[in-house]
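Pasting the structures in now, so scroll down.
The same subunit A turns up in both complexes below, where it pairs with subunit B and then with subunit C.
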Partner chain A sequence: MSTAAGVIQSGAPWALAGRLPLRRHMPLILGIAGFAIVIALWEISALAFGLSVRLYPTPLSVLHTFVDLIRKGILPVHVTDSLARYVSGVAIGTVVAVVLGVLFGLNRFVARMMLPLVNFLYAIVEVSWIPLFVLWFGYGPKVILLALIYVVAFPVLFNCLTGVLSVPQVYVNAVRSLGATRAQVIRQVILPAILPNFMTGFRVGAGFAFRALVFGEVIAAQTGLGFLIFEGAQMQDTSRTVVGMISMGVLWLFFDRVYLRPLERATLERWGMIAGEGQG
Partner chain B sequence: MNAGVLKSRPVLVTLALAALVFAYWGWSALAGAHKLTDAEIARAAEDGNPGRLDIKVVLPFTPEQFHFMRLQDIGRMAGADASSVNLRGVSVKAARALARRYWVSDIVPLEPQ
Partner chain C sequence: MAAPASAPAPAARMRASGNWIALLPFAVLVAVWLVVPLTMDVPFYVLPPIGTVIETLWDKLASGELWSDVLSSLGLLFAGFVIGNALAFPLGIAIARSRFVSQLVQPVVIFMQSIAGIAWVPLAIIWFGLGVGSVLFVIVNTIFFANLYNVIAGVRSISPTLFRAVRSHGGRGWQIYWHLVIPGALLQVIVGLRTSMAYGWRALVAGEMIAGSSGIGFRTMEAVQWYKSDVVVLGMLIIGVLWLLMDRILFVPLEARTVRRWGMIHR
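Moving on to the complex of A and B:
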C-alpha cells in the first residue's frame, strides 16, 4: 500500500509536472486538444457530406452565428435568464433538501421510514412531472423552477439521509453525555459528518438540473438556452441550436471547474483532516 | 475571515465577474445617456399624455422576433423597417433602460403623424 503510494507520489510523469512549465499545464493542453480534434472532425465531416449549412452547420457557421447572436443582444439575454433560473432552482432545492435531511435525520426511525420514499421519488425523473406541473401551474417560469427544485432536492436529500444514518450513534451519545444540546449535536456532529455525502448529492443534482433546465425551457419558456435550442431547430437554423448547446456545455464546465470541484475538494480535504486528527 | 478563502478560485472568479458586471453597468449608463438625451425626451413627449414618449429605436441590424417581443413589452409598435422600430406610449424609465442596451444604436423622437 505504502509502496504504491510512493510510486504515485514520486515516480509517475505527473511528478515532473511541477518542475516543467509545459507539463504543469498538460491537463489543460490535453483538454483543449480533445476539443480541437472534435472540431476538426466536425469540419471534415461537413466538407465530406456536403450538406446544407442550415441542416448540418459547420464550426465556422456556428462561430458566425455565435457572434451574430451576441451582437444582436439575443444570446446574453438567453444566458442570463437560464443562469438566473438555474441558480435560484439549485439554491432553493439544496436548502429545502438539507433542512429536510437534517430534520428527518434527527430521528433514525423517521430517517429509515423516509429513505425508501425519497429513493423512490429520486428515481422519477423531472420530465415526467413537468406535464403535471404545467396542468397545475400553467406554462411559465414556475414550472421550470419547480422542476429544478425537484431534480436537485432528491439527490441531495437522499445523500443527506444516507449520511445521517451512517453517523455512528456512539458519536451522538458521546456528545450528548457531555451536555450538548440538540442544536449542538447537529452543528458539531451531524452537519460535518454529512458534508461529503451532501457534496456527492449536490454534484449529481446540479448536473441533473442543467438537463431539467433545457427541458423546462423547451416546454414552458420564451427565453433561455433551452428555448434558443428549440427555436433554432424550429426555424431550421441549426447553427443557433448548436450555439445553444455549446453555451450550455461551456456554462456547465465553468460551474464545475470554478465552483463545484474546488468546493468538493475543500470538503473532502476537510473531511480527511478531521479523520486524520481523530486517528492521531 | 480566513485569507485563504478570499484567495480561493471561486471567490476570485466571482469578484472578477462582479467587477465586469459593474463596469458594464457603468459603461451602459454613460452610453445610454448619450443615446437618449433630456432634450430628446422633451421632444418625444406624447401630446396630452405626460410621461409617455413616442420614439424611434435605431438598431445596427434588422430586428428579429426577439427584439419585437422585448420592444412590445414597453410600448405600442407603430411600424418597423430594416434598421429601426417605432414605438409609442413608452415610459421615460423604460426608454432610458432601453437606451442602456448595447444593441440599441440610438433612440430619437418619433416624427409626429
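Moving on to the complex of A and C:
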C-alpha cells in the first residue's frame, strides 16, 4: 500500500499523530472528513449557484427524497429490478461463453479459426447493438437482457480462446507422452491454464455489464435504477436522479467488494497472477 | 503453470502463417446475411439486405456525412482523453505520494468511481443541454476515474529505493516528479490505457445515443425512430471497425514499443 509514501514522507503532519491514540482511527476519521468536505462543498456550491433545487439538488433535498422513496417502497422495487437483471444477464452470459469456449477451445484449429470473429464481435460494443435490439424487440426488458448477455459473453469467450492458444504445445506434448488421454489433457492442462484468462474476461465483462445495465435501463426500461435516474431528470426532479446514482454506486461497490474481488483473490492472486487493471 | 506471458509466441506464429482459415466464419456470416432476406420473408426493419447497407455506406461516404460523424466522435474522445488525464495525473500522484491525501480523498474517490460515468448523462443533460457538452462531460468523467486508478497504482509501484537513489544524487522537488514519478507511473498508465479507452469508447457511444446531437452513436440511435435498419447496422459495423482500428493502430504498437520492450508484460 502506501509504505513507499510512508518511507519518504517521514516529516508529514500525520507523523505527529503517532503518539496519540487517535492514530489507529486516523484513516477512518480522515475518510469521513473527506466525505464531509465534499458534502459541504456541494451545499456551498448549491447556495452559490442559486439554482432551483429541481435543477441542482442539495444534500438535504437528496436525503429527503431518499427517505421518501424508501418509505413509499419505490426505491426497493427499482433496486431489486436492477439487481435481478444484472445477475441473470451476467449468469446467462457467462454460461453461454463457457459453453462456446469449451466447444471452440477443445481444438486449437477451431479456436484459431473462431478467434478473429469473436474479436470482431467483441469490438462491436454492446452499446451499439442496443439500437438493433430495439428494432427487433421494441423498447423493453429483452433489450437489456440481451445487451448484458452480449457484454459478458464476448470478453469471457475471447480471453478463454486466447488462453487456449497460449498454452505452450510443449506442455500438451509432455502430458501426452506420459500417456494422458485427450480428456486428461483438457482437464489437467488446458482448463487450469485458462482459468486466469477466464477470470480476467469475467472481471472485464462484469464491469462493462454494470454500465450496460445503466445505459439499457435509461433507454429501454420502465423500472430499475437507470430508469429512476432518467425519470428524475425528465421530471426535472434531480434529487431523484442523484438518489438513483448514489444507489447505483453503492450497489456496484457491494458487488465489487463482496463478490468480484474475493473471487479474484481466491483464484488469480493465490497463483500469483494478479491482473488487477483499471475499472473506471 | 502456464503463464499468460507466453502468449506472444503462438500469436506471432499465427500472424506469420497468415490465418486465412479465420475468414471462414466471416464468410459464413455474410452468406447467411445474403441468403436470409432472399429466402425468408424478413421485414426490412429487422434485417436490411447486405446490398442496401453497402449502398447506404456509399451514399454517406459521398455526402461526407460519415466522415463528419466519425471525426466528431473521435474528436470528442480525444478531447475527453486529454482533459480526463490532465485532471487524473496530479490527483493520482498526490494520492499515491501522500498518506494524508490518500486517507482523506481515496474513500470519496472510490465511491465516485463506482457511480458509472453513464449514470451522469441525465444530470449532464439538465446542466449542459443535449449535445457536445453533455457527451464530453461523461467521457471526461469516465476517463478520469479509469486512469486515476492507473496513475495511483503506477506511482505506488515505484520502488522506494529509487526515490532514495534520486534523492541521494541530489534530486529535489520537481526533478523527482519529472525524472522518476511521471516516467515510473507511465508504465502502468500505458498498460491500463486500453482498458480505460474501452470504457471511454463505450461512454462516448452511449453518451451520443442518449444526449448527443452529432457523432456516430447519435446517428445510429436516431435511425431507430425511422426504422432505418440499414443505417443502424452500418453504424454498428463502423463502431466495431473504428475500435479495432484504434486498438491495432494505437494501443498494440504502443504496448509493443513501451511495455513489452521494457520487459514488463502483464498479460
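In the analysis below, the second predicted complex is superposed on the first by the 224 of 280 C-alpha atoms of A that agree within 3 Å, B and C clash if a C-alpha of one lies under 4 Å from a C-alpha of the other, contacts with A are read in each partner's own complex, and residues count from 1 in each chain.
Convention: a contact is a pair of C-beta atoms (placed from the backbone, for glycine too) under 8 Å apart; a residue touches a chain by one contact, two chains touch by 3 or more.
Every value quoted in this text rests on a predicted model; they were computed, and no experiment measured them.
Novice: Should A:Lys72 be classified as contacting the first partner (subunit B), the second (subunit C), both, or neither?
Specialist: first
Novice: After superposition on the shared chain, which partner residues are touched by A:Val127: those of subunit B (first), subunit C (second), both, or neither?
Specialist: second
Novice: For A:Gln222, is the partner it touches subunit B (first), subunit C (second), both, or none of the two (neither)?
Specialist: So A:Gln222 only meets subunit B here.
Novice: Which of the two, subunit B or subunit C, is in touch with more residues of subunit A?
Specialist: Of subunit B and subunit C, C contacts more residues of subunit A.
Novice: A:Tyr150 in the overlay: touching subunit B, subunit C, both, or neither? Say first, second, both or neither.
Specialist: Neither partner.
Novice: Name the contact category of A:Phe158: first (subunit B only), second (subunit C only), both, or neither.
Specialist: neither
Novice: For A:Val258, using the defined touch cut-off, is the partner it touches subunit B, subunit C, both, or neither? Pick first, second, both or neither.
Specialist: first
Novice: Looking at the overlay, does A:Gly232 come into contact with subunit B only (first), subunit C only (second), both, or neither?
Specialist: second
Novice: Residue numbers of subunit A touching subunit C in their complex, please.
Specialist: Listed in rising order, the residues are 1-9, 12-14, 26-27, 30-31, 33-35, 37-38, 55-56, 109, 112-117, 119-121, 123-125, 127-132, 134-136, 162-163, 165-168, 171, 189, 192-193, 196-197, 200, 204, 208, 210-212, 214-215, 218-219, 226, 229-230, 232-234, 236, 238, 241-242, 244-246, 248-250, 252-253, 256, 271, 273, 275-280.
Novice: Okay, in this complex, where on subunit C does subunit A touch?
Specialist: 1-4, 6-7, 9-11, 14, 19, 21-22, 24-26, 29, 45-46, 96-100, 102-108, 110-123, 125-127, 142-147, 149-150, 153, 156, 158-160, 163, 191-192, 195-196, 198-203, 205-206, 209-210, 217, 220-221, 223-224, 227, 229, 232-233, 235-237, 239-241, 243-244, 247, 266-267
Novice: Once bound in the complex, which stretches of subunit B touch subunit A?
Specialist: Going through subunit B, the ones touching subunit A are 8-10, 13, 60-61, 64, 66-67, 69-70, 101-103.
Novice: Note which residues of subunit A are touching subunit B in the complex, please.
Specialist: Touching subunit B: residues 71-74, 77, 222, 258-259, 262-263, 266 of subunit A.
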